[in-house]
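Reading through the structure tokens given below for one structure.
Think of it as A, B and C in the order they're written, each chain with its own count starting at 1.
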Amino acid sequence: MSSPQRSTQSSQSGNTVVEAINIQKTYDSWLPFSRSVDVLDGATLEIGSGEIVGIMGENGSGKSTLMQILAGVLDYDDGTVARSGRIGWCPQEPRLYDRLTVDETFELFGEAYEMSPSEVDAARSWLLTELDFERFRDRQVRNLSGGNKQKLNLSVALMHEPDLLLLDEPYTGFDWETFQAFWNLTEDLRDRGVGIAIISHIINERDRFDVIYELHDGHLHREVVDEEGGPASTPTEEKIDCEQPDTTGGKSE
Amino acid sequence: MNTRITTAVTMGLREFRRTPALIGLLIALPLYFIGGFMYIVPEATLTIPISGESVTVTLSEFVAALVTPVTAGLLSGIVGLFLMQSSKAADDRLRLAGYRSRDLVVSRVSLLAAGGLIVSAVSLAIVLVGFSPVSIPAFVAATVLTALIYGVLGVIIGVSLSRLAGVYVMLFFPYVDMLLFQNPMATDSTAWTKALPGYFTTKATMDAAFTQGLDLWNFIGAVGYFTVVLIVGVVVFHRVTAIE
Amino acid sequence: MSLLSRYAAGIRASALSFFREPLNLVLLVVLPAASIQIFGVAYGQFPEFGFLNLPASLDATARITGATFATGALAGVLGLFQLISARDADHRLSICGFPALDLLVARFATLVVISLVIAGVSTLTLVGLLSEPVASPLFVFMGLTLVGVIYAMLGILVGAVLPRALEGSLALVILADMDNVIASGIFPIQDRITQLSPTSYGHEVVTRAVLDGELATGELLPALTIVAVLGGLAILAYTHTVEPIVSGGVVQ
């Protein structure tokens, strides 16, 4: 169903890699006696380059739905999404081909990203070493452990050095060393100017984020994080009150 | 063919090669279905009307000619049904990574064609052991066309219906279409049965099996039918893998 | 937990997961009715079955074949998918102490309930669509339930042996279509081969019930033997894949 009230465009801002305004999403069913589920109700979010943004919320609050809308794989009912640059998406479920090996998966997705064979080789060497799963490169995806499958999932999102990285619980199944390596990698990417959104449940990680969005009742609540991991003392300029979404503008541009 | 398509087809074929149970079934099931039918019918002859003439054939030859396209249609239809359903999530990701819909469509259709050719080749290898059609090339072409038409229909059904309904329809549809509605013995058939997918291919198969003349219109009709379902399939595929 | 309450819990869980999907309920009604009608139309295109010796009229044979096909195929596909989709959960339940055999019995019992529903819909459709009166709808219902139960067990067996939906569906489609063609009477088939066709027994029960209202008791024993043989094979295949090394914290 086409919606004249929603639009998607390339971001014009130099610093903003993705901006979502007033996103509405309801899961409907064509069957009678089935319930509709309102997931997002005016969700608004902005991610700048070189910024690590955490998206938090209780189970079933719609975090993965929001992430899929930001990535562009899920349609939404209303609002605006503007992106710039290349996107790397690491979904919660790996979404890979079960009977391809790790090497073949790099090869296939490298082709999708229009990388040359030498670029694919370089990216593969970098990520296999960085995430420490070099010895599994000949193994089929279905035969990988949960943690190694997740490393490959993350690698596919990173291999083309995207400008915007969307990670949906990326470290599920990681051991401690890989978890540390993941954060080192993330901080390195931030220094290179990559905008990163991470869905996370780990409260102790709050200080790793620049901004945290709490998703509750379909709305996003923005909170700038200070050095100690708590809310910044004066967030007034950057705080967006999504409880009172702008109903006049931003729907269609 | 660009490198994206060749890479996707190569990877698809590698995945297929790594499913030994599927390969085994694609060999064993035609053997069971076609070989079984040729074996279980009694030794008898019957006279059937084909292209306006009455042809007397053995019952074994008749069922061999009739069930070969049914087998190809059933198996490639089921393969088509699951081709989309099983790879939908990964295909979405590949699209987001940069594969154009056109590249993905061409690679998936190529894989489907490969599946149809394999199913047809096995079915033909089995039937040709015990039965010699009058025109083997035409018989082969008609069987392959049946596999292709039902393969694409399987894809369309796979993305339009639930898995349960899809398998039921593919279990039911080729059977009633080719064994009943297009059966040469069904001489009282009504006009709308000509719109069914097996109409041209079954006529072409029967012609090739039992008559000297080759009616090209059956093949033109079958190719036209395939083109139409392919266009519908491509549109459906494009819609379900659409990203922004 | 007693054996009965364990069965009840297993049946409840699998029945709820099936009936909570509204589309499943729609399919249970639509598919048998459509199949019976389509078979009636298809057989109507044959001016004569000169080389066949059909016990009933062409229309009755067609619709009985449609009813047995729909009931069997639907129960078989449901059995297959129920087993495939619940495999991991069953394995986990088994680890928690739920014996694999009890789980299989629960799955089968649920499919018997579903087969009763499909057979009921098929019977009502058959009675409504047949041009001649049905002598015993009750025995028709029993015959169709028999076909449903046989195919439910066949679906479970195929699902236990071939755990991927693609391979399982391929095998079930070929087995079901071959069986139905043999039972349908569309081709003359050697008698000794017909005896190997599971559907032919149910087909005969339904035909006799339609024509003269008798219960073809002679068909029941071989049909139940088929269920038992399929069940034995299914138990072997299912327990082999689902039974854990450790169950309920106790090493087996």
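The rule is short, and it goes like this: a residue touches a chain if its C-beta (ideal position, glycine included) is under 8 Å from a C-beta of that chain, and two chains touch if they have at least 3 such contacts.
Not measured: the values here are computed from a predicted model.
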Farthest-lying chain, centroid of Cα atoms versus that of chain B: A
Closest chain to the centre of mass proxy, which here is the mean CA position: B
Inter-chain centre distance, chain B versus chain C - centres from mean C-alpha coordinates, in Å: 26
Centre-of-Cα separation between chain C and chain A, whole angstrom: 46
Separation of mean Cα positions, chain B and chain A [Å, integer]: 42
Interface hub residues of chain C, defined as touching at least two other chains: 23
For chain B, residues contacting two or more additional chains: 19
Complex contacts: residues of chain B adjacent to chain C: 19, 21-22, 25-26, 29, 32-33, 36-37, 40-42, 44, 46, 59, 63, 70-71, 74-75, 78-79, 81-82, 86, 162-165, 167-168, 170-172, 175-176, 179-181, 183, 185-190, 193
Residue ranges of chain A touching chain B (in the complex, touch as defined): 8, 71-73, 81, 87, 89, 91, 93, 95-100, 104, 107-109, 111-114, 140, 156, 160
Chain B residues touching chain A - in the complex, by the definition given at the top: 3-4, 7-8, 11, 14-15, 18-19, 87, 89-90, 92-99, 243-244
Partner chain B, residues of chain C touching it in the complex: 23-24, 27, 31, 35, 38-39, 42-47, 51, 69, 73-74, 77-78, 81, 162, 164-167, 169-174, 176-178, 180-182, 186-190, 193
